[in-house]
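In what follows, a single structure is set out as structure tokens and then discussed.
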């Protein structure tokens, strides 16, 4: 059944005649995809790619930097309910707003990439002019290439490319591959950041994995093999004793952010999980520790109406302004023509067995590692 | 004949199959609507809704915050000729331009809303960075919902919704209802500003009703039951003696703006009218005085080529920078989940009888009220 | 065979039913045009007009201010390879970015206009806020009118209009006519900048003609009848001795810019040419010297990946910040309602005969003129 489709390959002078949907099966497991275009309000013109393989389903948004909008497993939704009500076409997201905060008008994905040249808080030049918008530009850049392949084992692979180019300044490219094995509960993401320029540059990447109901709720927990942890600021320090526990929605809850380094296993893999209170549901993330040495927990347990959500964020750096991170060496050097490879897997854990197994893996990593350093206040080189 | 159509309900995964036009009649009076999409230049992709009921016709622009682009009665046009040559799709309007003046590149409606979080002159933070663009964001935000209903009496009701949301910052929503009774000469607008957040916030709204030829011309007059009036600045003070009279087009005419509070009648209604020199044509506006306690007259009788126009502007506040208005308490408090209701009617007055009757109503309000305070210069708390 | 087609005439309430393509011939020479819309990535929705007449072909982009994207003659391409990978829809180009450099995200044309209100380096107000973005707004503004005519001699004429309007601030309009005589190797451009306002204003225009491979290469030369020349800055001064010679691609090459005034012939025409090393290929430009009294050479012989390119730029002014140019009188005064006319021809020179003849014309101008003043450093009134 091996097949391949090219869905976007820009610029095209005509709308592709390629099938916009396909349905198949592999040994009785259904497998399908559909490429659609939304209409109405801020979603007008947004292309979405929906993929289903057995009990797993996910939606990618090529128009929004190939972000992962939503996923589900056995009918259980993974994602959150953002007041933004997207997916929002980047044309409506004012990322060049002088405040640097326009990005917040488009934020509603399960997984949004923050990069490529920069991520983190907005940065400004000495005249107060925005240089790096909040969380960078890639999530509001369109894919110029999108293709899908299905192999003989029923593994589905989506490959896409997104550019972040400003003439004379930078020429970065994201090449992303998302693989879903037949009916598996793991979305396997491999990203390459390519420096298309003949000059050296740097990059940053943070994977903003956002979870709300039903996993998040009072009694939900963050499990992670912490090596070192610090609150980002005094507000986060207030909640330090219970940094890994979650409360219910609280109107006006001001976000608490924790910066961490995690342990990794012998293969160099780190992992973390948000586990529901009843331990029947969890979302795990595993990732290459060397490429993504930092892990950020964003607790935003505000009212449902304002986005009751937490973010699990493997990252190349800490989400401070780019100039601060650069000063502390937390940027990814990319030589002329070089490629950095980042890999991350999202585990859609449904049922006690799957949840417990993932928790056991984290616990065994914690046992094997002696140290766990918790700072009462942010180290000077960690927080801007 | 009662019917309802949902024309926009975002996000939709397919273009709605709903009829895009409808024609009916009620006891011999024709009634119809058409939803179209413009193409070419800066109008590419703009959706417009044209409604006709007897001798009254109007065009709403869902793509531009449900603004009222144009109206006519008995073939008499109400509106103005803007050099902007729209309707302009918001994607072409740089409202995040650091100057805060990008809004001016899309301004050409008969009625444009200025809000929801703010209106008035641009505001900046202490570093000189734009915080509130001129007249806010709502006019350049798209409706995510639009529906039409016709009832058994031939009354047509258009209902739409527009969001103004920035995650963590604000979550406001406009729900607007425009009602046209069978063949009536009044467009009845009821707006709700809804705070979808679980946190308290504030809002502002100014209705920028703009009129040019044929009502505006030498000898045209503004009629209003003035309780208190002040020129906005020295330039307006120059024209104070003849603030209610209009001259012909004058190249280079610098705008003159007058801030007012009007009297209201026992039912709490204020009113004002621009009356043509020959008193055969007028545009009246009536509005809920408690919700819209300020009234602004914008005289911009520049050359025709530059937009010969005047604005009648019922408002929750004065159009100073938001921080100035906030300091003086002229913002609308909106508790978590609360809704503010604003209502305003636009009277398309054709013929001496209709014009005279509206003038009489204003005159009787003036007679009943003793006071009319005119400041020679702007009070310190009125002008930034 | 005389015919005319109106392709864009905004706003239209329906997509034009006009033919979107036409093919004809004149005494055996084929002649054709096609209007298409691109899809995918940042090119989504970009309209392009391709014209062919005998051995000459060119592509205009109405969506990008009627820029000339590419041209070819006898199969030889004229243009360059930009890392930007366009044509880029203006909706993706953040020209209001506080840095003023967002224009660089859309730059990939053979000929791009820089204007109308301003061109050159970004300019800022005293608070550091952007007032004039790099190279102005016209290249990222859409044509609201586009028509084509073919006359009985097989001459094809494309006429288009683009607005640059901000209510109260400016109301400029570009009316551009591009003429291609039957199978000729010259694209004849006549631009009018129209001040639609009743108030006086000023304008600027720079024609950014960009050439890369195959004309540009080691040993390529710039030929021009220089009257006065100065390096823009110390970096350009470094290369002064060989300002007219080109080297091969060099990674990290920092741009060198030379400001010039050229001689003109008796008819008031100036000319310049980029000639390939083998003298078999060249791109010439002739222009009205009075209207375009300055000529800029932009040498950007960086690596191919970063855009190996040089710009030949006839201009009304020098590309300094607008306030600097205004102070030195290098803005085009435009009275109320006035029109400035600029004309420029692009010569697609293929073969030694065509190249040599153009070189001879330049040489004869140099012989006839005595003076050629070369400054070692930029004069104070030439460089900001």
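Residue numbering begins at 1 within each chain, and the chains themselves are lettered A, B and C in the order written.
The working rule: a residue touches a chain if its C-beta (ideal position, glycine included) is under 8 Å from a C-beta of that chain, and two chains touch if they have at least 3 such contacts.
For clarity, every value in this text was computed on a predicted model and none was experimentally measured.
Of all chains in the assembly, those touching subunit A and also subunit B are C. Looking at which positions face the partner, subunit A and subunit C present mostly different ones, since fewer than half of the interface numbers are shared. With centres set at the average Cα position, the gap from subunit A to subunit C is 42 Å. In subunit C, the residues that reach two or more other chains under the touch definition are 91, 96, 98, 128-130. Interface residues of subunit C, counted against subunit A in their complex, comprise 36, 38-44, 46, 48, 82-87, 91-92, 94, 96-99, 101-102, 104-105, 107-108, 124, 128-130, 249, 251-252, 255, 302-307. Within the complex, the subunit B residues that touch subunit A are 8-16, 45, 90-91, 95-96, 98, 125, 127-131, 141-145, 163, 165-169, 171, 196-199, 336-337.
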